[in-house]
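Next come two complexes built around subunit A: one with subunit B, the other with subunit C.
And now, the complex of A and B:
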């Protein structure tokens, strides 16, 4: 981590992520108004009371901006965790078992990758609703496929190592070998995968909210705010540009941090990774 | 000068200025000319667009504006008054109002060149009476002679002519297999269907043998479905792909008023939202006090002000299906009463407020997300927590309706649907107990309501029906089987080179016959 922070780009990325995280956590205390309160006339221009003006329901756009990253970050980080945990276990199991199991897992992964992301989420949301847990699972599954491929590839290399052979000869079970011998040795890779997948998940959640498939109103959310403001872009540009800037800086920060981490660990996952 | 006299004077002045403005606008309008094409984007989420096998059928047309290709026996005009269309006379055969006689227009041709007969009308209504909710009361039709047909109803209906104006009830060529009627897309309307891309696009060309001689003016008409795609439609309009956008998002109005070479055309009213309150076992809405508390807690005037931009573009509802523009509509005396809401909640055993089940909505109209967010916030003041969740338009109807087999426990949901304004007979019938929109309301009040409805249907004089309708609306306010807080005035935008495109409270009833373009 220290080595990563010595890189200026990674440091900038880390700072951006920390600032966004702090603002998201502190939003209930630092936002001037409740994010869903109807305060004034709709589309009031920016001023001393409402720094970014009011939105089309008369809510304070600045307060909504401060709150807007909370749910998206929660979904992104949780989906990243689901993707990394699930993907690593599946990928390493495929690497360990090979043969028919490996074939089935990889064909399933390819089948999933063949389904367009938006279509997959649309089907998921239509079937199970638009709640936060449903979004975490849907986005987690989408992000998981890349992790399966990466961790499988790393696992195949590790399977040739002497200590794995020794554990097999000692009669250790497959699960123990995966958990004790393979998983700890791909931890660096998974840390970078997590950063990348969470960043990608954040972008996806914002895009889904923009398309009406993600976070449901009235929850303050940057993607939703961009969608809400699009039709008014000409007359009220701040309502779109401010949340768009937040999404971009956070995603940029996460990507820079992930790349710095990968460089520091001597991995090239941040420049490649499937899926 | 007394207040009354001053008001009269002001009223007369306003009327004079209005008339002057209208006559100036009329004078500025160029005289009609034939030719040209008009492409419009439709924005409503009607969810009835068909597939390759049926999308020329009037039930499944992309925007439900069936009057481009079809006609009905009667038409409801922009003031919701009945006008004859393919009929020249509609009258009850006797005082029971159970049998109605219709004389049809002579010399009307279908797009395939055939002459329309009473047999075609009878065949078309064989289909409608099985499929259209308002026509279900037709027991049978009887062709008296080639131009006269009788409709035999299961009960008297003083407003039956309005049933004949329903947009589904178009006249199509007869077919022995009634399931095949309408599939070819052949009607008697001003335009002939030339192509259709189901759920996306439909093109029409002028029908030269249209029964209204000299009409339509346009050579071609094209509708492009842009449901839920306001930004795309707006970009298309600005790029001159579209000449008009129907049913725009109310929040665009302020922007569109400044749009160059663009006219905003508002209808006198439009759709409103029915919040359906399920009354299945275990539902909180079995208690009329909770239903009424929710109804009283909603800031309806705020809803109109914030979501629709004021009373020019929206109106306060009274928990009935009637629109405020209807002469029979009784405006609620106190649209919001927080004290009453709190008192009713306390009486119902919720002195500290209540958390209701999740209200599911879909963005059938562009403003619905804002509509329900506003309601959620406004009822909070009465101690009502109202979780809301947006669902996609696709599959929404099936989702909210649940399963007919209630033994499976998949009851219909606490949800909403959009309804358009109609005559009082049809509108008030929609709150019947056996209808999902009433949440399958039952009990003595529902019985009283339906008894009044039956009486109204047997009352030939419209003036006499007014008192009955007022009583029915009072029951709905008191019982709140469903909540209808506010509605929209439909607004379209068009280029100022497009003339005579009149907007309609029933967005499906816009006519294209008289529309023309200047050079």
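And now, the complex of A and C:
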């Protein structure tokens, strides 16, 4: 961690993430107005009362901005956790078992890669409805496939180690070996994967909300705010540019932090990401 | 080579069959069927039971799921994608032109982004660790941290609002000739290109740097061959292989990017069609679009696989 902080880019990234997290957690106490109450005439210009003005329904844009990352971050971090836990178990199990099980898992990973992420979520939303849990599961599965690949590759290397063989000769069951011998040894890798997956999930969730397939109104959300404000870009640029800036700085912060972490742990972050 | 093409082609067909099955079951496994969603709660409450049953029978929603699955697969073999729930229009006709428009946008993006990404990656690899490389890496991380809809928005803000060079949204319509459509969409194309260059540049740079560290490059160096010659004639073809194996991932990300960018600029492609279909729960349209995208990605991946086989004799087994 200290080594990660020695790099200025990583430090900046960590700082961005911390600021966004603190604001998101503190939003209910620091926001001047409730994010969903209709306060005043629509499209009041920015001023002393409404720092960023009011939106097209007369809600305080600044309060909505402070609240706007909460649900997206919740979905992104939950999906990141789903991806890392599920992906690590599947990937390590594939590395441990090899053979037919490995083939099936890798085939699934390849198949998922052929479905563009936004379509994958669209399929889920069509089938299971548009809600935060559905979003977490769908985005989690998307992000999981990359984790399966990296942890499988790491697991295959670990299987050559003496202590795994020793545990096998001791008659330990496969599940115990995966949990006790393999999993702790990929912890570093999984920490980096979590940061990368959560940032990629956030990017996806905000794009989905922008399309109207993610977080639903009236929840305050940056992606939705950009979508709502698009038509007003000329007259009220702050309504669109402020949430756009928030999304971009948060994702940038997460990516910089992830690369710094990978660097410090001696891993290669560039292999991950994408999809 | 012909045996290889046949084998890879057969494998791609298997993948497509599995994907089609996944798409079908993920969208139709829940009992809350499409009719309930396309009607309001009031309409459902007031509709006589026999009318409801007739509507369901018309849509085939009264049949068990496996029967519908066989019907779906059979329809695919006859290129029949079903009809929409509300207007009963053939799905194939609805998505044909939007699909053409989206493929054109993706194609133009690929053609323009690839050389730019290649040039940038080569400049970065040639100057590894120096200012140019650091600037490129920095730009790349910013490039893939900014969502495509924000890039599009910024381009609109700068080039359509503050400095009105281009229209903010596209005025051409779905059935216009491709030339007219693409000419009306410079900012949309620029947005997808920026996303693609960040994505491709990153993959190609990593590939090139890896190859440049290989033994055979060291040997070429020692025999006094200039660096640019090594990069162009020896490292580049070798670096194409990891680039090509990332092709499926790239194609998938390009489709997602195109969907978003279309919504930003009101480009008449499958993006708008998809969003409309999901919000109205037009299951067959969602299935058809997902399938079309999957076919594009699998086809792209197949071509990339064959490209790898052509470049690298070791894989021709």
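A few comments on the model shown:
Just so we're on the same page, the second predicted complex is superposed on the first by the 269 of 275 C-alpha atoms of A that agree within 3 Å, B and C clash if a C-alpha of one lies under 4 Å from a C-alpha of the other, contacts with A are read in each partner's own complex, and residues count from 1 in each chain.
The rule is simple: a contact is a pair of C-beta atoms (placed from the backbone, for glycine too) under 8 Å apart; a residue touches a chain by one contact, two chains touch by 3 or more.
Please read all numbers here as calculations on a predicted model, not as lab measurements.
Annotation: superposed three-chain arrangement on subunit A; subunit B versus subunit C shows a clash. When the shared chain is aligned, subunit B comes close enough to touch A:216, but subunit C does not.
Residue contacts after overlaying the shared chain place A:244 against subunit C, while subunit B stays out of touching range.
Residue contacts after overlaying the shared chain place A:131 against subunit B, while subunit C stays out of touching range. In the superposed model, A:21 lies in contact with neither subunit B nor subunit C. When the two complexes are overlaid on their common chain A, residue A:42 makes contact with subunit B while staying clear of subunit C.
In the superposition on chain A, contact of A:256 is made with subunit C only, not with subunit B. Looking at the superposed arrangement, the partner reaching more residues of subunit A, out of subunit B and subunit C, is C. Judged by the touch definition given at the top, the superposed model places A:232 against subunit B, while subunit C stays out of reach.
Using the contact criterion defined above for the overlaid structures, shared-chain residue A:57 touches subunit B, although it does not reach subunit C.
Once the two complexes are laid over each other on the shared chain, residue contacts for A:118 go to subunit C alone; subunit B is not touched.
The clash between subunit B and subunit C in the superposition falls on 387-395, which is one of the stretches 153-161, 207-215, 333-341 or 387-395. Comparing the two interfaces of subunit A, the one with subunit B and the one with subunit C have residues 122, 125-126, 129, 212-213, 230, 234 in common.
Subunit B meets subunit A in the complex at residues 228, 230-231, 234, 249, 251-252, 254-255, 302, 306-307, 363, 369-370, 372-374, 376-378, 388-392, 394-395.
Only residues 15, 18-19, 22-23, 26-30, 32, 138, 141-142, 144-150, 153-154, 156-157, 161, 168, 199, 202, 206, 246, 248-249, 252-253, 255-256, 259-260, 263-264, 271, 274-275, 277-279, 281, 283, 286, 289-290, 293-294, 297-298, 301 of subunit C touch subunit A when the two sit together in their complex. Per the touch definition, subunit A reaches subunit B in the complex via residues 36-38, 41-43, 56-58, 122, 125-126, 129-131, 212-213, 216-218, 228, 230-232, 234-235.
Of all residues in subunit A, those touching subunit C in their complex are 9, 107, 110-111, 113-119, 122-129, 199, 203, 206-207, 210-213, 223, 226, 230, 233-234, 237, 240-241, 244, 247-248, 251-252, 254-256, 259, 270-271, 273-275.
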